[in-house]
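Listed next: structures, encoded as structure tokens.
The two complexes that follow have subunit A in common; it is paired with subunit B in the first and with subunit C in the second.
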Partner chain A sequence: MFILTDLLVLGCINGIMVVGLNLQYGYSGLLNFAFYTYVAVGAYISGVLTLGPSTTPGVTYILGAHLPWPVALLLGGVAAAILGAVIFSFTVRRLRSDYLAIVTVAAAFIFWNIINSDVNLFNGANGIFNVPYITGNADLSTEQYSLIILALAAVVLAACVWLSRRIFRSPFGRLLRAIREDEDVAAAFGRTIWQSQLWMYIVGCFMAGLAGGIFVFYITAWSPSAFLPLESFFLLAALIIGGSGNYWGAMLGAFIVIEGLNELSRYTPTFGRPELAGAFRALVIGVVLILVLRFRPEGIFPERWLDWYGRKTRAAAAARWHPANWTLHREEPSKVGKP
Partner chain B sequence: MSEIVDIREVSFAYGGALAVDKCSFTIESGKVTGLIGPNGAGKSTLIEILAGRLKPRSGTVIFDGTDVTSYGPAKCARVGIVRTFQNARVFARLPVIENVMIAARPQSGEHALEAMFAQRKWKGQEATLRKEATELLEWLGLENHTHQRAGTLSGGQRRLMEMARALMAHPKLLLLDEPTAGVFPETSRLIATRVKEIAEQGVTILLIAHNMGFLSSVADDVVVMAEGKVLVRGPLETVRAHDEVITAYLGATVTQSGEGAGNARA
Partner chain C sequence: MTVFLHAVGFGLATSAILALAAVAVSLQVSVTNFINFAYGDFMTFGAYIAWQLDVKGVNIVLAIVIAGAATGLLGVVANLIVFRPFMRRKVRPVTLLIAGVGLSFIVQNLIVIIWGAEPKRLVQTLGTSVQVGPFLFTTGDLIMICTAIVFLVLLHVTFKYTKFGKSLRATSNNIELAQACGIDSERIISITWFIAGIFTAVAGVGLVLEETTLSPTTGFNELFIIFGAVILGGLGRPYGAMLGALIVGVLTEVAGQYMNAAYKTSIAFAFVIVLLLFRPQGLFAAKGKTS
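Let's turn to the complex of A and B:
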């Protein structure tokens, strides 16, 4: 039973992350390999804000403020968003997508190393621990607590999906998609590209921060080794497998890839040499990614399924698959030149 | 008739190669001006300069009384210069109708916060835009493709869609870069009709074309460019008879007997 709730909690938390990443990569085409850095920042800030000032000798961190958890959670999100905005204005504004990818990888590793070695700010590699339960009393069993966190994570995930849906259906979402397809043309129609992208970067990073906050409330500890920069690649793999650009796909990807392939294997019996389990998980995810890209390049839930003027498209799709239309080459009669 | 565009001594070079060389001419408001010339004459470069994608090395571009020389593409679009591309460029994974709707400006729902939290503000505008885009697509003969992804359109259909998209932006100056290149003759006749109708609404049009038949049916005035300079300008018939034009198109010493065509520009 605990296995199930544990997986669901982690699924929801990762769902929030992938939905946030989808806003950046799926909607706006911003390839962000530093995404997990924002998760880590959100987690750290939420954690230290709920903790009181450090009492244990040798443990140092900033901002021990004893804040109520909802405030701390929101501020964690805000901190991640601010960091995102700063990094964006230094890098993304000046770089096109392929270079951006390289810079974000570099940024992720730089941040991780700073966090891992700066004892004053982040307590170095030891991280923080004993983050209080959000319910206040510590006499809950782990199972009961995980159920409470599950409710919180599910609500936040639902809110994030709702927000994604709003954006997708709005003129703003359309503009983002246009920018993703062809920046030059969007500019030729009077759009300032970086403004829209900055907004999406901020909202995506905010979601990352929220996910991090919930995560730290759940495991009640935070350390750099739990937030390796490589996790960003798993999130991206989840998004691509699930269907980049489609928020349902993002959620599905989080549950299939991160849960089904990554976390679940902690509960399955090990075989072979146990120290290779991590490598084996990465291998499986890689293979699945390749298979999806080969046979379903738009992901399991392609973006076009969200087409909200959908009905005609869906009717056309149905007609295409109708047996009467099973021919190899179908020529569409030209509709142009009608009087 | 007043002049809406004034190009003064504009030069542009790609690296060392001079593409536009102190080129000056004006475009009259409300007219269709054709821009012709052999490959490498600098026509497309000039369009790119007008649209703000390239900055001229020297010279100025005056549009509607303001100096737009230093404007970037977005700013140019905001003052009313809208263009199509030499190789029709579409937002491939967006439905045709979204491709067209995107061009309208300003759209209040394009701000992130309003998009998320103030749907009521832009729902009405969205419906108006959808209606207008549908009508435009119908007018250009694309009514059966509105919900198809733009990437699945054929070459000619893409050109029509680009025109619809450009019109959606309500341009003052419309730059059409080879609107009929690689287009089926029937479609190119439709484009000619539509171009004339657009001009009748008061939109100034500058278009690059190689097809003389198309040009003669749409252009009021033709500017001939060669090697980055304006060779001649005037109505198509006069221009066609001009010796220098024939030289630029066909080579230096074409005579009636066809003699010397082989060693042109010796």
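Let's turn to the complex of A and C:
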């Protein structure tokens, strides 16, 4: 039973991450190989803000405070969003896609190296630990606590998907798709490309920060070994396999690729050398990624499966083009098709 | 001053390795016009083959030759199976980039499956120090520098004076026009992958000799420094890449000498970022390749 809730919690957390990445890569076409860095920022900030000032000798970190967990969670998201905005304005605005990819990976490596080597920031390689349970009392069993976190993660995931859906159907979402397909055309229609992309970048990073915060509340510890730069590649692979641009596809990718391959295999019997299982699943992800790119580049759930306009807008559009409304003079709007 | 000069000396040895790898990347970019993220893992692959043969008692020179051929074949196969279908469909460069990431997963984890994840320690057999002018080299460094020079000169001669070199330059310059002139550009691209593979394997062996350990992520960790050298020289310009490698190699070693050693690679990465932000076309941009 615990296995199931554990898998579901991790699935929801990874779902939030991939849905956030979808806003950046799927909606706006911004390649981000440093996505997990923002997750880490959210996790560290949320962690230290609930952990309180360090009392253990030899454990040093900044910003220790006893904030209520919802505030800490939100601040974690905000910190990730601010970092995202800063990095965006330095890099995304001026680089083309392949250079952007290199710069994001390099930035992720530097960030990781600094966190890992500097013990004063977040306790270096040992990381932060003993983050208190968000329920306050520590006498909960692991299973009960995982159920509480599952509820939290599911609610946040639902909110993220809802927001993605709203953005997708809004005029702003259509503008983003236009920019992704052809920047020059969108610019020719008087849109400011970087402004629209910046918003998506910030919202995506915010979701990453939230996911990191929930993650650290769940596992109650965070260290550099938890956010190796490689993780971002897995998230991107999950998004592309699931269907980039489609929030259902993003969730599917998170559950299939990251859950099905990464987390589930912790519970399957091991075979051979200990590192073999991990190597096999990364190998499988690589093969599947290339096969999907080759034979189904739109992913398992393509973007075109989504309802672009929603029922109401579509009904209004249908009414507008209904033959009963065909007039030469358009002064009087017709009532056909409306209640 | 002595410390500085010694650092420059180390830098030269690093640059030699970097130059081989950077030229390989640049050569491939010049004909295919996309950046291959699996390159670091090709280096690791070559190094592992050479290490395996060396352990089995094969002569080291022969081992490197076989490793070069194997890595070259890996490049050709990767091109045929993974990249060529995409290039025929004329997909966006981002797709090729991500396909490269997938290939990197595959190669790196095949290495883990075959040889295991734990790092292999090498016994440094080429360790005696030699004073050359103001610099202090190990014999291994000297051999590496000489090898790099020989390879680069050979490449230059091939480029300049053979029919293949001419076709390669034509393909790199304008692939459609080259095809119109009867050049079999797909054959040229395959051969380029093979040559790049040989260079990559030699660079991989050099890297391992320098670091004295070999692990499945050895090459991947070096990848972005190589990209830095390539971009500094101008993407798709093999000669520029040599100079880029020289600058990046010496710079990281000298900077590493005066700073916390933990931040040595970070300096190289920061350099790559600054370079891309302020001079993405490199020192000598190739016309028509990238911007």
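Here is the rule we go by: the second predicted complex is superposed on the first by the 307 of 339 C-alpha atoms of A that agree within 3 Å, B and C clash if a C-alpha of one lies under 4 Å from a C-alpha of the other, contacts with A are read in each partner's own complex, and residues count from 1 in each chain.
Basically, a contact is a pair of C-beta atoms (placed from the backbone, for glycine too) under 8 Å apart; a residue touches a chain by one contact, two chains touch by 3 or more.
Because the structure is predicted, anything quoted here is derived from the model rather than measured.
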Going by the contact rule set out at the top, does A:G286 touch subunit B (first), subunit C (second), both, or neither?
second
Please indicate which partner A:I3 is in contact with in the superposed arrangement: first for subunit B, second for subunit C, both, or neither.
neither
For A:G190, select first, second, both or neither according to whether it touches subunit B, subunit C, the two together, or no partner.
first
Does the superposition put A:R304 against subunit B (first), subunit C (second), both, or neither?
first
Mind working out whether A:R96 is in touch with subunit B, subunit C, both or neither, as first, second, both or neither?
second
Which partner does A:F109 contact after superposing on A: first (subunit B), second (subunit C), both, neither?
second
Subunit B partner contacts - residues on subunit A that touch it in the complex
163, 166-167, 170-175, 177-178, 181-182, 184-193, 196, 199-200, 203, 303-304, 307, 309, 312-313, 316, 334-338
Complex interface listing, subunit B residues touching subunit A:
51, 53, 72-75, 77-78, 82-83, 85, 89-95, 97-99, 101-103, 105, 107-112, 114-116, 119, 122, 126, 141-149, 156-157, 160, 165, 169, 184, 186-187, 189-190
Interface with subunit A, subunit C side, in the complex: residues 34-35, 37, 82, 85-86, 91-95, 97-99, 101-106, 108-110, 112-113, 116-117, 224, 227, 231, 260, 262-263, 265-266, 269-270, 272-273, 276-277, 280, 290-291
Name, in rising order, each residue of subunit A that touches subunit C in their complex.
29, 31, 90-91, 94-99, 101-103, 105-107, 109-110, 113-114, 116-117, 233, 236-237, 240, 273, 275-276, 278-280, 282-283, 285-287, 289-290, 293-294, 297
